[in-house]
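Structures given as structure tokens follow.
Presented sequentially are two complexes of chain A, the first with chain B as partner and the second with chain C.
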Partner chain A sequence: MKTLNGENHMRSRAIAAGVLALATVLALGACSAPSSDSRPNKQIVLWHMENTPSRVKVFQALADRYNATNPTHTVKIQVQDWGQIYTKIAAAAQSGKQPDILFAIPDFTTYVRGLGLGQPVTDVVNRVQATSGLVAASTAPYTDAGESWAVPLYGMVQMLWYRADLLRAAGVQPPKTWSELLAATKKLTSGNTSGIALPAGKNLATDQVLYSLMITGGAANFFTKDNKIAIDNSKTVAAFDLYAQLLAFSPKDSGNYSWPEPQAAFTSGAAAMAIEKGQYLAPFEAESGRPASDLGCAPIPVADNGGMPGSIYYSNGAMVLSKDKSTKDGAAKFLEWILDPKQYGDFLNAEPGLFLPITKNGGTESNWRQNPTISTYKTCVDAMLKQADTGTLFGFVDGQYVKSIGQISGQNFLAQAVQQMYVNGQTPTQAVTWIQKQMQDAISK
Partner chain B sequence: MRFSVRLERVPAVVAMIVLTVTVLGPLYWITVSAFKDRQEILLSTPTWFPQTFTLTNFQQLFLSTDYVIYLRNSIIVAVATTVVTLIVSLAAAYSLYRLRVPGSGRIAGIVLVSYMIPGALLIVPLYKTLSGLELIDTFAGLVLVNVAFTAPFCTWLLRGFLLAVPTELDEAAAIDGAGPARTMLRVVMPLMVPGVATVGVYTFIFSWTEFVFASQFIVSDTLKTLPIGLSALVGQYTINWGLVMAGTVLTLAPTVILFILVGRFFVGGLIAGATK
Partner chain C sequence: MTLSTTNRAVRTVGDRLRRPVVRSGMPASTKLLGYALVAPIVIIMAVVIAFPLVSAVTTSLQNQHVIGSPADFVGVDTYAKLLQDDAFWAALGRSGIWLLLNMIVQTLLAFATALLLQRNGWWSTSARTWIMLPWAVPTVAVAVIWQWMLNSNYGVVYKIFAGVGIDLGAPFANGAFSLITVILVNSWHWFPLSAVVIYGALATVPNEVIEAATMDGANAWRSFWAITFPLLQRVLFALGLVGSLWSFNVLDSIYLTTKGGPAGASTTMPVYIYDTAFSAFRSSEAAAASVVTVIVLAIAGMLFFRFGRPKEY
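And then the complex of A and B:
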């Protein structure tokens, strides 16, 4: 047996003491870390999910600028993640630890309201409408029973992006109709270049691109007046059929594509066209090595028969969750301050090109217009603003407010239907029949 | 004869080469991409070596993100989780498998079952519990949850090492006047260094890479850990690949270094812990 001599004894004691000291120091350090709950009374906690570094920086700078004006309530920003927010806000709501302001998109708003959170902000929206004018598509999806449930802050709209250099070389004009889109896609596909890059993964990116084509095919509204599913119709089948045909000319790994992959294929010249929002503008020159003039844009092509202009439009807004009147007033002041032309341009510059103004005077806001990305791609920016006028979103078409839309968008049924065609070989008709049942089952639960 | 022996080794060598390429291929790709500029990363014909060798991605990582804060937070959480797990699992393993207290067999089974519950199912109840204890948005809360998930497995892992230490040593220590705590710390534990190293490495890597709990129970930017910070680089709609690659390389580095230092204990320890 090993002898318990003095040297070992001392060493063991020293090690044990060291471990205990380290554990104590770390535990004390951990316990002394600041908590979100230990906030001053006159502070508003804001959660947003725009967690890329550039957006975080701009939003924080604006909050700092607002706090420097000595408001009744200062603003504390806590950045969250879109991927985790559904669980997190549910858990926070159950514990009464929700933020005072929560950034949202329309379907997420229905989910948050379903948790018993959210206060009407109709008075704020009315005041902004009176002073700055609001784009109709930005307010409609937040309006239910005569009340506004979020203050719109910025919009996003999809366009058809094309590589002007590749179209020029192939002698192709930017397509305006579905048949032109399909013909252009075929003609542009050669060698290592795909005619178009489309997402076909089970994700929101696929939902959005397919839905833009459904809109221009006249299949935007797939709910009946009593909020039942009515997606199984010839117009939806036509949109699905187009998507399936286009996917044949998209890169072979499209089944895993979300947002970044089509953009990477497009920027590198591996694909000549893509359908997406304005995030394509800012990095184009740096990532493609091509001049800005090689990035072209066009409205989403419309169906040859019975088509109409349009695109998916996401109005991003802010919900006020606090029930306390003083805090609500403080939150309203901050949101109105953001939309004031003096700083609204700076706010939009958090992601120039992707974030579009939702106020009518926001489109002329000088800080935004002078941003290098916005001024370089002025034609496309103006085209996006025009496209926004015809923008809409599933569940909120023509004044609808489908409270169960979160159960549909959350499960990416549109994307799943694309996979039924792309992976499982279903025909567009079969995929539409399949999605009708899935959606109906989801909202019946 | 020698030729036939070499032929027999061919399948094993081929398998090792395939495995090495499969495992190290992505790591290689991430590493070289971190040193490419944005245009080269997206080239449709990829380059095997950086043609535009640049440190811009790393500079940007430190200048435009809170990487240093995330790194500090991850070190605090990982080290604290490792230390607390070691203390808890060593004490638990010794009492359950060595002292044979009444009901220890059942308790050991329950402890192992608790390890099998998927963490994601516990988010809401854990959030409520931590909220009640005022531990939401604190390192202490995160460490507590991490330990709750690492300690059961580590306790079971240490069982094999404990069984390998002859009980005669405990009896001899008792004759020399040592109590259970002293026997554990001064007699048994020194003979379990590989086991302690295994548990330490496992726990450190678990908490270093843990995402779900950190994303749910931490809300302040100043307390976020590396996995959360890295996920923010992959933003909705936009992504800066160079920045993501640089962040990934620097996040991997500590665990790779740890593995180089104590990896052989870890591999040997896992086998020993599982088979005895």
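And then the complex of A and C:
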């Protein structure tokens, strides 16, 4: 009996060992097996990085509507994150598992093309241009070597936002020039109110606000014709100097500000002015407790000498990555369907006020115009559309196409230079010399 | 009269804690089963540790820019470039400060909390539960909470200090204070874990030894240093070693609050590596920095083990 028990015991141990070994092999096998691409033949995979819940919902609803029209290729949306997309698309390019459509901004497009991805979409852009007309600033940063590398979908532009109630109380008119802006900022600063709330953290928000002032100061183009860095000039120094002076009247923790902090300061009345895109419109009444008429807007003030109207303009577009002609045609049809006036307004309403139309007839699209945010702030929306006409983006000024711009924008050098002034006490001249060297080093590595 | 009785008791407890498990002769099938049982986790651990290590070393010997992009073998050129980068050495120095201050602040907070928790009373009884809250809060929430609490426009902490005439300034945005502010936030987040571990260890200190010391005439302070602290040394050593390694590698707390700023003032080694890889797209330099960091940590670990290991008593 003892022997039998012992044999059973040993046998069960051997079986257990065998099962464990098998489980190990299977587990490791599962880890190492290449994942099969289970995508149906007639399906287009779209990656976008607009992962705010409202945007995800609207984009998915539009894809469902498109799929309900029985297209040759249905659309499957996969939401990604801006923070991870650079590595994810590189890995996808290596494994050949890239999406068919990829949402992009201009500098990201240069990066994706550097990975060997991206198909020309010139024919699509030309068709949309012919039927709907396109804002020039939306197509320019995607045009290289005579081809369009992304279909623009929506634009974003910055304005000077001001609290009309605070300006009225202080007897200040909306500023139009840099000197007026500085004077207004000084006059509006009192007690617990800052004249302006500006970001000075190491982030894209700071890059963008500073660049808008560089544009209106005539320092938009900081590359030579052969794409070398030429940011160290008197116009850039003047823009840096203005930013440093304005920061003296911004809340004291501006050195850590990005997008939300200036907006919170503005809506709470802790700051009288801010420079940002149209995301200020939708939540203003609810968050400030003030009537919509207290939210004022004006074009970005221009330099007193040699200034020109303008603002940073982000054209958000969609790249087509699939090389397969049938899939590429399917992707083109979907993108043209989005830009069709019948649904383009719904698309823009994913973020009313922030997403601006890039087609000429998009500005009159009824679904968009009827949105409560757009209709309430009609004057400011129209002002943003007008501002978009003079918008531009670093690396893509006046027909430029700087392929190394991703290495510069990714490191937030403009914001870092602001911090050199704001935190380390550098003069504007020193900060501009510093940034010239940093940018040169970045593109030479 | 000295503490001879107490010392004997401490030795007895120490011996009991150190007593090795006596192994009996095991049949081959039992040994085989033992190996089979540990094999899956050993193999998986080997794969998940070895593969990234080998991959990092390989990448560090190339000139890769974007992660995953084609690259050429350049030998140790990347290391030479890295070692000439002032920002690398500055980040390594800040990591040293980060490690040291986190260890000191967290140990002090944890020890003080554990000793308070050990007391009897409703406060300490209820605190044993809620004291864990800072640790249970996700790091993202911790970062947001502290940024808002210290905001100069509407921060609660900021306003409280302002109410008593203290201007906190801009703790996250001031080059002189941003690193220490993030260290304090990180310590607030993590000290409850150490506190609970130390509290658990305190519970293992035999009462009879403390009583013997008291009978020998030792006061509470003397009892703590002569009995409690020596008996906790093993736990503190393990906590210090593991905690230091964890602490060194913290990226999220820093990145979510200051992004390494302002002007690089809170850029520790993990932030430097992350920025080099994902902002500057210099993967090979980031990989080389990772390899150097592993070597530095291994040396620090060995030194800690050599000099920080509890002495036998």
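Criterion: the second predicted complex is superposed on the first by the 408 of 445 C-alpha atoms of A that agree within 3 Å, B and C clash if a C-alpha of one lies under 4 Å from a C-alpha of the other, contacts with A are read in each partner's own complex, and residues count from 1 in each chain.
To be clear about the criterion, a contact is a pair of C-beta atoms (placed from the backbone, for glycine too) under 8 Å apart; a residue touches a chain by one contact, two chains touch by 3 or more.
Being a predicted model, the structure only gives us computed values, none of them experimental.
Once chain A of one complex is fitted onto chain A of the other, the partner contacts of A:Gln94 extend to both chain B and chain C.
In the superposition on chain A, contact of A:Ala170 is made with neither chain B nor chain C.
Of the two partner chains placed by superposition, chain B and chain C are both touched by A:Ser268. Of the two partner chains placed by superposition, A:Ile443 touches none, neither chain B nor chain C. When chain B and chain C are set side by side, the one touching more residues of chain A is B.
Once the two complexes are overlaid on the shared chain, A:Thr52 sits against chain B while remaining clear of chain C. Applying the stated contact rule after C-alpha superposition, one finds that A:Tyr86 touches chain C and leaves chain B untouched.
Using the contact criterion defined above for the overlaid structures, shared-chain residue A:Ala183 touches neither chain B nor chain C, since it reaches no partner.
Residues 16, 23, 27, 31, 87, 90-91, 94, 192, 264-265, 268, 270 of chain A lie in contact with chain B in one complex and with chain C in the other. Partner chain A is touched in their complex by these residues of chain B: 38-39, 42-45, 64-65, 76-77, 79-80, 83-84, 86-87, 123-124, 127-128, 131-132, 134, 136-140, 142-143, 168-169, 172-173, 176, 178, 185-187, 190, 215-216, 219-223, 228, 231-241, 243. Against chain A, the residues of chain C that register as touching in their complex are 29-30, 32-33, 36-37, 39-40, 43-44, 47, 66-69, 147, 150-154, 169-175, 178, 257-263, 265, 275, 278-282. Of all residues in chain A, only 10, 13-14, 16-17, 20-21, 23-24, 27-28, 31, 86-87, 90-91, 93-94, 111, 114-115, 192, 200-203, 251-257, 261, 264-265, 268, 270-271, 406-407, 410-412, 416, 419-420, 422-424, 442, 445 touch chain C in the complex they form.
The touching residues of chain A, when paired with chain B in their complex, are 1-2, 4, 8-9, 12, 16, 19, 22-23, 26-27, 29-31, 33-37, 47, 49-57, 77-84, 87-88, 90-92, 94-97, 156, 192, 259-260, 264-265, 267-270, 277, 279, 282-283, 286-289, 351, 354.
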